[in-house]
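The two complexes that follow have chain A in common; it is paired with chain B in the first and with chain C in the second.
Moving on to the complex of A and B:
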């Protein structure tokens, strides 16, 4: 098991290095940030000074060498825009995104597992058809459209909820609600399908022949086995949320890492882009390792 | 009131399918008394399991429907009880074990937990249940019972898993044990042990045992009475001896007649240079040696059977010869040239001379290809055999040769029965006009009557076309009727080889003798006398 974790960590670090190289050079292709930061009437001297200060005049390879050297000392560089360490900027935003992702995924998982299990147990019934329809609509509706409709209806027309920001608990409802829809529909369908095939399995038949109670058959014998394929999908969905729900964060003015990334790309705030990508990548690597360990926990046949 | 332990009366069960209702059992009646063993004997599709499923409330309604009949247990009709009342009977009063214990045990819970659950579901405390689970594991002969409680199903062997199922089923000391094909997936030697255990436990507890099986040998070994089923109806019932010796119904007669291992044995006549000479063949997977120096010859037009239990290396042998896997050492000379050292190009040309027929035709035939495509595909790969203009004609010819009709060419595999599918697989192998056909458990998945037909077909092809067969099987009686030479394997080692007569009449090695002794004869009298001789050494030890 320790060997497995070590292997996965090594593999993750290698991809992280590749990612840094790729993003470092690609982001430089977008152009020089100087003109974006200084006012239009700034003198050539001021521009030159700005470039000197941020080391933008050096050859790219020298800039890269300097960046890596600093990185090895855990220095992610300064944010040009905010004039403070890039990593602080990113971590501050990541905390928001992390909260949003965790709360959404916990709600989605609970709701999808319960609804999916019940739908499967009564396959073809009224409840099954209702949730299947719901999840189809959820999967088909684009999230930016749902977000805008929600703002128009709940915030503007009815004034029940604030349009954007993060001040109170009420601020969280719309972003979470919009993010909830798509993974809920998807995971519900996976749970339903997996439960259906597991309910037809031979060991469930054995449980029936043992005189085990129905509740126990569904939630003890079937669910644990049915959850194995579901975990993969949950992980996949959680990863896309951790990456920053760019559209939703932008629409609701939510100060998460997705919005931060978009802003820093537009402003060519290179150090922030790189730090944001490293932090989210790291979070996804950690989560994938946790998912693999979760597999081993649920299924005794899997041992690392 | 019924004075029997359990009685099924006039049961009719239908299943509503997309193609209309199908009557699975039609007016089936049987009874079981305390301490008695009743066997329900039938082939696939006979409905032999359906009445037991009705007893255990395992028929899904819908699509199933119990149209008529009753199941009397202690004077009550089980079919009229509520779900909860029936649940309290299941496992506690009537327990059931199944064919494939690996699939029927939950993979994610420990064995101890699953056995205990049988008891906690019926109101016994977890501590008491744990105690009893340990006792049960000891009773059914699981090694290291304390440790076994915490292990998971996949960590046991096939025979041990069935013992675990039996331990679980007997936890509540049920009055009735239903065993649905309990030994079908097991090796013969393990089958004998499991059946003996069931009989012993029955003697101890006095339970009634209902055994569902397709195997006349199992009936002969354990059953007092037998109910023979065909196409959803009971065709004959009586004591196991009576039914075997004086079968009244033509179907029963046909079934008994089809039992393998009764015909005349072949006298090998083939002479000349060997078609295939295997010399000291070895294969290892890491530290595991799957083949430990196998050597034998196969002459043109002759059948060599390779017999062994699971893990004997018999399938590895076939796969290695066909270069589906690389050998670790040794030679396999095909008409004097070493198969194992051939280049890919030479091997390609040679493949048409060696064809293979697999165990499960529903998996080895591509379901999206018609029979014509399946058979003619070979000629598309080896274009020099037959010009395209003659394909249709030749497919028709081959289908006739394997006992199918030329218009079957347009159909797809799912439209055929298991036996017919295996005939298609054989026709496909014949398309390349091979010198050798390797059959890997080619008749194991088939019903006995179909098995006999396929064997007869292979035998005829050998006579008419002079094709040699390498016939890999776990089933000795099948081999007895068909092989010229027999090679017995165990644990990757060649134990004994000889003519079919030498192996069956005068086996030299103890393992061969044990294998032959463990095989079940369809005649109850033969089995009874074998049981006596088996018991004798045990008594001598006392």
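Moving on to the complex of A and C:
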């Protein structure tokens, strides 16, 4: 087990280094932040001074060497736009994204597993049709539209919830609700499909023949075996949430890492782009290792 | 059952928390919802609109101020009066009994330090760009008098001082995140990405404003900003899109000091032919945009600066919409060997203003109808800047660049060199008479100055036909009915809390 973790950590670190090199050079290919930071009628002297101050005049390889050297000292550089350490900017945003992703995924997983299992048990029944329809609508509805409709209805017309922002528990309901819809539909379908095939297997039939109670057939015998492919999908969905939910962050004014990344790319704030990618990549690596360990936990046949 | 009761209890308490938050705002507090994050609160960057709207004249004040509600004249702020001592020196008499929010007293040393800090090569302050290559040397005469020497002479120095914010002389020469100023408010809280809170401070030299506390929040979506004012979560949304401005009782349009124009590449055939540029002007039906793709209140432009700017002639007539006339001019040019069939590139910028893509497509259609061989290319901001500004790309197609220019400063000096002089960064013109007029007008004062600017505008529009002036644009602000506040052209770059009253 420890050996497995060690191997995965090493592999992840190599990927991370590759990612840093790639993003460093690719982002610099997109242009110079000078023209974006300075007003359009800034003089050549001002531009030169700006490039000098931020080391943009040096050859790329020198800039890269300096970046790596600083990184080894855990210095992620300064944000050009915000004049403060890039890592602070990113961590501050990542905390919001992390909370949003974790809460959403916990709720989605619980709801999808329960609804999907019940739907599979009564395949073709009323409940099955209802949740299937619901999940298809959910998977098809564009989230920006759902978000705006939710604000118009729940905040403006009914005044039940605040339009946007952070502060109280109520501010979280709409963003989580909107984020919930799509992964819920997807995971529910995977749970349902996986449960259906497991329910058809011989050992379940045996359990039924032995007179085991329905509840324990579904949630003890079948679900555990059916969960393996589900976990893969959950991991995939969680990874995309950890990368930031740009639409939800933009509309609800949630200060998360997704919008930060987009803004930093548009403004060519290289240090923030790199720090954001490192932090999210690290989170995703950790999550993937946990998922692999989860497999072993669920299925004793899997040994590392 | 017990658990259910507990849950209900928690839900109830949380509900109170939300309604509490909505009600917590005191009677003299306002919440302002901005579209763009404020990433710096640096006084020497206050000319940038997302910073200026928070700190300019609220925290950081300037020596002089443009009175936008009174014909853009200059009025005193931290300076009580000023005069020209000799052609290259201006003397400013400073207001007495003024203190900074950190308690220190405002004097001539602070002004000297603020000027030197803004011009320093150790930080890239935006203010310094307005001074161009002019060398500024401040010297303290006494505590409340300062002489500012310029090289060369700067006739509009008092106007330029309306852009330079004053910081205490102890402020280090690096970007600060804790602005200290002489204004009526001080920074009370700043949670990056979420909110900025300003509170009124004691000991302000001027009248006590009605607003005690202002909270700034940020939402990029215009519909959400509009909804926030509607639900009472915010009181002012300085910029919402025309589509969201659906309630006439709370939505107000105001000129945003931006002018939309198309810059033909005057250095390249076929656009170096005046008849072709005139044909461009006659091919566009400007009136048809207003009230359809652009909101009512949009004004047809003849100059690159708003019509309230000094020196803008009142008698310039926009080119008439005459596609047949345009075709005739093109045919004439073609007969003289001008390659009018060359493929032109109409260059636009995404997200420049609401409906920009539709406006560009309609313009493209009109140009094609008049016989131009033209394609449209939309670019994001960084790519666009590379096309709009010098050095121009080699091997480019003849371009028609649709750009917006912002000048709310009341004088054309902030525009004309950049846009029209041979060395101007966004100029494709190379006309000695234009260069000469810009030079003369920049150095002149009073009526002579206005007359020279006026001559330049007329020459550019009627004789050179330098570009295709389109519109002076408007924005919409949504203002809570509880406030007594009307937006003005200044709202594009600042939002003075002291102008806000309660009904």
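We adopt the following convention: the second predicted complex is superposed on the first by the 298 of 304 C-alpha atoms of A that agree within 3 Å, B and C clash if a C-alpha of one lies under 4 Å from a C-alpha of the other, contacts with A are read in each partner's own complex, and residues count from 1 in each chain.
We adopt the following convention: contacts are C-beta pairs under 8 Å (C-beta built on N, C-alpha and C of every residue); 3 or more make two chains touch, one makes a residue touch a chain.
What you are looking at is a predicted structure, and each value in this text was computed from that prediction instead of being measured.
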*Based on the superposed arrangement around chain A, label chain B with chain C as either clash or fit.*
fit
*With the two structures laid over each other on chain A, which partner does A:221 touch: chain B (first), chain C (second), both, or neither?*
first
*Partner chain in contact with A:182 - chain B first, chain C second, else both or neither*: neither
*Which chain makes contact with more of the residues of chain A, chain B or else chain C?*
C
_First, second, both or neither for A:192, with chain B first and chain C second_ = neither
*State the minimum pairwise Cα distance, in Å, between chain B and chain C in the overlaid complexes.*
30
*Taking the contacts chain A makes with chain B in one complex and with chain C in the other, which residues are shared?*
none
*Show which residues of chain B lie in contact with chain A when the two form their complex.*
56-58, 87-92, 95-96, 98, 100, 103-110, 117-118, 121-122, 152, 154, 165, 168
_Interface residues, chain A side, partner chain C - complex_ = 30-31, 35-43, 45-46, 49-50, 53, 79, 81-84, 89, 92-93, 148, 151-152, 155-156, 159, 161-171, 250-253, 255, 259-260, 263, 266, 268
*In the complex with chain B, residue positions of chain A that touch it*: 201-203, 205-213, 216, 221, 224-225, 298-301
_Quick check on the complex: what are the chain C residues that touch chain A?_
14-15, 17-18, 21-22, 37, 39-40, 42, 47-48, 121-124, 126, 128-129, 132-133, 175, 177, 192-194, 217-221, 223-224, 227-228, 230-231, 233, 380-383, 385-386, 388-389, 414, 418, 425-426
